[in-house]
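One structure is given here, and the rest of the page talks about it.
By written order: A, B, C and D. Residues from 1 in each chain.
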Amino acid sequence: MGFPVLTAILLAPIIGALISVFIPKEESKIIKAVAGVTTFISLALTIILYIVYYTQYVKTGIGGFAFTEDIPWVADLGVIYSLGVDGFSLPMLLLTNIIGFTSVFSRSWSKEKRAKEFYILLLILITGVMGTFIARDLFIFFLFYEVVVIPIYIMVIIWGSGSKTKDVTKEYAGMKLTIYLLIGSAFLLAAMIWMYKEAAVILGSPTFDIARLATIDFPAQFQIIVFGMMAFGFTCLLSMFPFHSWSPDGYAGAPTAVSMIHAGVLKKIGGYGLIRIGLFILPVGAKFWAPLIAIFAVANVVYAALICLAQKDMKYVVGYSSVSHMGFVLIGVASLNIIGLNGAVANMFAHGVMSALFFSMVGYIYGATKSRYIPDLGGLAHQMPVAAVGFVVAAMASAGLPGLVSFVPEFTTFVGAFKEPSLQIPALIALTGVVLGAVYVLRMVANVLFGPRKEEWDHVEDIKGSYWIPVVVLIAFIVAFGVFPSLLMDMVNSGVQPIAAKLVQATTAAAQMGGSI
Amino acid sequence: MIDFALHNAWLIPLLPAIAFVLIALVLRPLPKASAFVGITAILISFVLAIHVGLGVIQAGDQFVEHPLKQVVTWFEMSGLKIEMGVQIDPTSAMMLFVVTLVALLVNIYSLGYMHGDPGFSRFYAFLALFAMSMLGLVIAPNLLQMFVFWELVGLCSYLLIGFWWHKYSAREAAKKAFITTRTGDFGLLLGILLLQINFGTLDLVALGEMIPNFQQYTNLTFGGLTAIAAILFLGPIGKSGQFPLHVWLPDAMEGPTPVSALIHAATMVVAGVFLVGRTLILFKTVPGAMAFVAFMGGFTALFAATIAITQTEMKKILAYSTVSQLGYMMLALGAGSLTASMFHLMTHAFFKALMFLGAGSVLHAMHNEANIWKYGGLKKKMPITYWTFLTGCLAIAGIFPFAGFFSKDEILLVVKEASHGAQFGGLYTLLFWMATITAAMTAFYMFRMFFICFHGEPRDKSFHPHEAPFSMTFALVVLSVLSVFGGFVGAPWVEHGFGYYVRLGEFHHPQVDPVIIGVSTILALGAIFLAYWIYGKKAISHEALAQKFAPLYKLSFNKYYIDEIYLWLIHNILDGLGRVLWWFDITVVDGIIDGVANTAKVLGSVLRRVQTGKLQHYALVLFAGVVVLVIIMGFADTTSASLSLLGGVR
Amino acid sequence: MIGLEHFLVLSGTLFCIGLFGALAKRNAIAILMGLELMLNAVNINLVAFARYVTTGILTGHVFAIFVIAVAAAEVAVGLALIVAIYRDRISVNVDDFDWLKW
Amino acid sequence: MVMNKNIFHSALFMLITFLGVAAVYFMLHADFMAAVQVLVYGGAITIFLVFGIMLTIRGSMKETNLFSGHAALAGIVSLALVVVNAVMVISTNWSVTGAEPPEETVGSIAELMLTKYVVPFEVAAILLLVALIGAVIIAKEVKKTS
């Protein structure tokens, strides 16, 4: 088996957190450096993994899980500390590490106080998110997921901020976010345990192993109910309309790093789980619920985009826009064919990088000016040209400009959606989100960055020092994956293939049974 | 060299891309070096493009049916394969030539025009990016690549219109341009998606083979394909400034003038025409869509011309003229002639770029004073600008032997031919007359501007205009020469002229229709004379005319209030919808959530009374619970064996 | 003959008396007394089982001794607490204490 | 004992109860346990409690040991527990060995404590020490710091 590289990736931030514990809290620079170095180790290892997997598994067409580690943990319950990456989880892992690394260097003006606790929590958070993506065991997946929730809550209510446009305090935002996540996870837990129990009966031995669970053909009725519960849990996390309202509030309240991680990767756990667990194990249930998901997805796209038009707070614009973008992911999921799923997964990655950059820039501007109220701002490109470049790139990526990371995923998603006759009308409506997306994003860009110079912002400084890191790293990834989409799409395709195959197989089986679900 | 150029045509867009990266990342603080790199890159591209053109001419009509294609896979998965690459055929070779030529000239021109601007390097970076995108677009072998670069040129347009972003008007114009074209792109993307879904490919050659017999390959109906074509056409409507999405193009004049010349006159705006040209086979298959294109083109041509007559800013007039000429090209496509459309596209690129650059020269001299009524008598001060501008005006007016004459007459000819067709004959007859009237109006408003600006006495003595530096006049002269002689390549007496290469279907040798030539020339000359009469000789007071036709004048001067209508719609309908939904989100969606939370809170405040905080109460309840549990487990349920105390020791 | 059952019933009864005292009294010291009674009842149980069920093996006794030791510690700490509370509140009446409520 | 209203009397009754328990130990042939019971409970703990009473109650000892408001409920619960317990004890078939108990227990206990249960033994010692220190600290007068 060799060197347990995934465990190493997981442990690096934890070790960073442990080291930070012993550093005096006044030494915030050293703590930041430790956090940066440890997350960079994870990132570097992940990039190496990505390249190795891409050349040795994707290009050769082998696919499947690699770098696996299996250590029985609770043998009686069938819990295995089982890690591994395939073409689906590796992009997500990469995403987590990109954002984890860059979020360390994000700016939020409240972060300076209690820097030590902040970075320790951040590192734990990053580890938790990474764990969910590389877990091959349902139990481990859930465990890491729960690890994520608590730091988020603490970070929002301590380092968060209220909004000027909506009567929302950071405590409210943090509470809402946490409760939503917990309600979602409660449903997940119930669904998981039920599935586990059923599987133990069918298999004869208890297991949480996702691959083994996927070999079972659960009864259709069971699948529909359990998938419903699971979809509720995961789509809460993915901020599907009408369960989205935690997301803008939460992002607006959270400090920059948390917004980045949350919008960038945490939400993606919802999509990841929905596909890896929901679609893979319960294809018949997925078939049943897909039309409803599609309808809500359209609502996501259009509804959130329209709301964006009415926003005056930068973080709310980005928050609602991320809700809108999740609609694309959901449409891809609802299409249930390989192209749509590829699009959905790639979209998650694309939105992650892009929204991280967006939040990073918004956070930087907020940190510098102490305001996110758009009418107060304006002409900031005079004072901070570098931040303006980052902001424009993020905005363009958000608007789905080709050559940046989000175009190919969106296109693929829509190809997948239009392939399904029943989804053509929803997809058509959702396509208007492309136009609306350009409207709100460009409005914000114009009103924040461009226009006459405002004297009151002459004191703010442009990006310098370590604040360059998020801009450079994220733009590099946005452009690289935009210009060479096959780096991402081939990978995703190899990961999604078994899931799509399972869906096809379940559909044909259902058709042979007389089509009665 | 020719062979090298043909097989390495991908270098043509790549070189400006490299220049962009170099300037953006390294050379930004060094304006001179930036300009040098930018110009060098586009110069090499230009040389390559010429060789590609020569190669295509050498090959005869071999590439017309079988384009030279080189592709690599961009990304693929089961059921979807997208390629990137180069497709060389006469049309793209012609476009390569036009784009690199105009881009090169504009790059040189900008040396003078943008001299001393704080964003000089940035400007060259954007120009390079634009050149890359536009060249990538014209060589695209499939629709998705076309769309990719289509969007990128849109981005460049956005960046360059908003180049002076500190100006309020520039920032708004840039935003408007991007969003308006985006609206059209919605249709284009939808159309592309539908083609991909139905035909399984976006490759132009493959589509060209499948579409005429679409019933074999798909289960599309005739109406379905018509709908796809119409939806696809939304993209060109936005990009090429066709009615009703033309509103962004006049505002786009907020950008620096070289940009207007390059992007908003010669190259980017014709992308829409080019796209329709590339997919003309689709439109030809469904005559309904064809008539739609023709009508939109013809209507836009006339519509924009009526606006241009009353405008008071040089660049605005030119912008509306561009809209009008784009309408012309669309009309030609709608009449089924790729040749006429592309021919006009080329000549238009020459003379319109020329006029924009001339206008830039004037603006440069007049310190960006835009109102033409402040000008006057510039002829003496700026002779080169004057003479070159005159050739441009004559070309666009369609006076023999200037370039516009040939292309415009060819359009009129094909429209007339189309009116003899079986379907929609009446429509094409109408369009023919509309186009003829438009031609006359074009001559009129062009010379109106010309006389106001260059003739008479200086109206505002505070300006001291001077001729532009050499870098600027050089571009003017080159374009002027092309405006004069550029039309000969498609002249009827040339054996294998323009139409022999750039065509769809069989080669028809251009015919000479004396009636059309006569009518159009007489009308154009008459219009020029009228303009001279009113504005040059001032025999008729133009103010009196405006008074006499006050309602019409106002309608035209205010551009039919279309901007106002859009603003009203956006501010009231779209934003209003946003506000209503936000209210809905806060009160209803959030309200339900908060309501659930509050229910829990209220329940909690009731239940907290149970928590007296007294230990004895808790202990009491605890032991009561023990009693109850023991009773249940021990006495009621004898099946739960392991927990049953009664059976425990037995 | 006195058997195991008698001792068990006795200890149970003693336990419940102690419980009643702990639950029903107001005086904190009385509650402490009730607790002592309950511990005693447990000890009786342990010793009784040692006598009748595992005759000859004195683990029960050892256990009871530990219980006594812990009980002694508990009384000491408990009384210290009561004295401290009394100093603070001038009361040993548990009805006055509702600090478990936030 | 529990019914008495005078807490001091209650304490005295408790002493009697403790001694009674010691007698029960004798009946169970647990002579060492009986001795420990008398020493620890009859001696130390009772004294402790009396100390506590003396420290906290000033003036009259009457009406110092009253029932609280929920005495009736407590009575019901306790009584129910007695009944339940008795029923269970009686209805259970205990596996009683008929063997005679050993005459002398001290030796065996000592052996057990210092071999098998030596760790708990030491822990108990530490516990007592900690409890002692804790009690001192808790009961110590808190110096008012301004």
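Note that a residue touches a chain if its C-beta (ideal position, glycine included) is under 8 Å from a C-beta of that chain, and two chains touch if they have at least 3 such contacts.
Since the model is a prediction, treat every value here as computed from it, not as a measurement.
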Pick out whichever of the two, B-D or C-D, is joined by more C-beta pairs in contact. C-D
Middle chain, criterion being Cα centroid separation: A
Indicate the whole-number Å distance between the mean C-alpha point of chain C and the mean C-alpha point of chain D. 5
For the pair chain A and chain D, the C-alpha centroid-to-centroid distance in angstrom is 60
Could you please state the distance in Å, as a whole number, between where the Cα atoms of chain A are centred and where those of chain C are centred? 56
Distance-wise, how many Å sit between the C-alpha centres of chain B and chain D, to the nearest whole number? 94
In chain B, residues with contacts to at least two other chains: 616, 620, 623
Two-or-more-chain contact residues of chain A, please, as numbers and ranges. none
Of all residues in chain C, which are in touch with two or more distinct other chains? 19, 23-24, 94-95
All pairs of touching chains, each written as two labels joined by a dash: A-B, B-C, B-D, C-D
Chain D-facing residues of chain C, complex: 2-5, 7-10, 12-17, 19-21, 23-27, 29-30, 32-34, 36-37, 40, 43-44, 47-48, 50-56, 58-59, 61-62, 64-66, 68-77, 79-84, 86-87, 92, 94-95
Over in the complex, which chain B residues touch chain C? Could you list them? 611-616, 618-620, 623
Where on chain C is chain B touching in the complex? 19, 22-24, 31, 94-95, 97-101
If you look only at chain B, which of its residues touch chain A in the complex? 73-80, 82, 144, 147-149, 151-152, 155, 158, 162, 165-168, 170-172, 174-175, 178-179, 182-183, 185-186, 189-190, 193-194, 196-197, 574-575, 577-579, 581-582, 585-586, 589-590, 592-593, 597
Residue numbers on chain D that touch chain C, as the complex places them: 1-2, 7, 10-11, 14, 17-18, 21, 24-25, 27-30, 32-33, 36-37, 40-41, 44-45, 48-49, 51-53, 55-57, 64-71, 74-75, 77-79, 81-82, 85-86, 89-90, 94-97, 99-102, 105, 108-109, 112-113, 117, 120, 124, 127-128, 130-132, 134-136, 138-139, 141-142
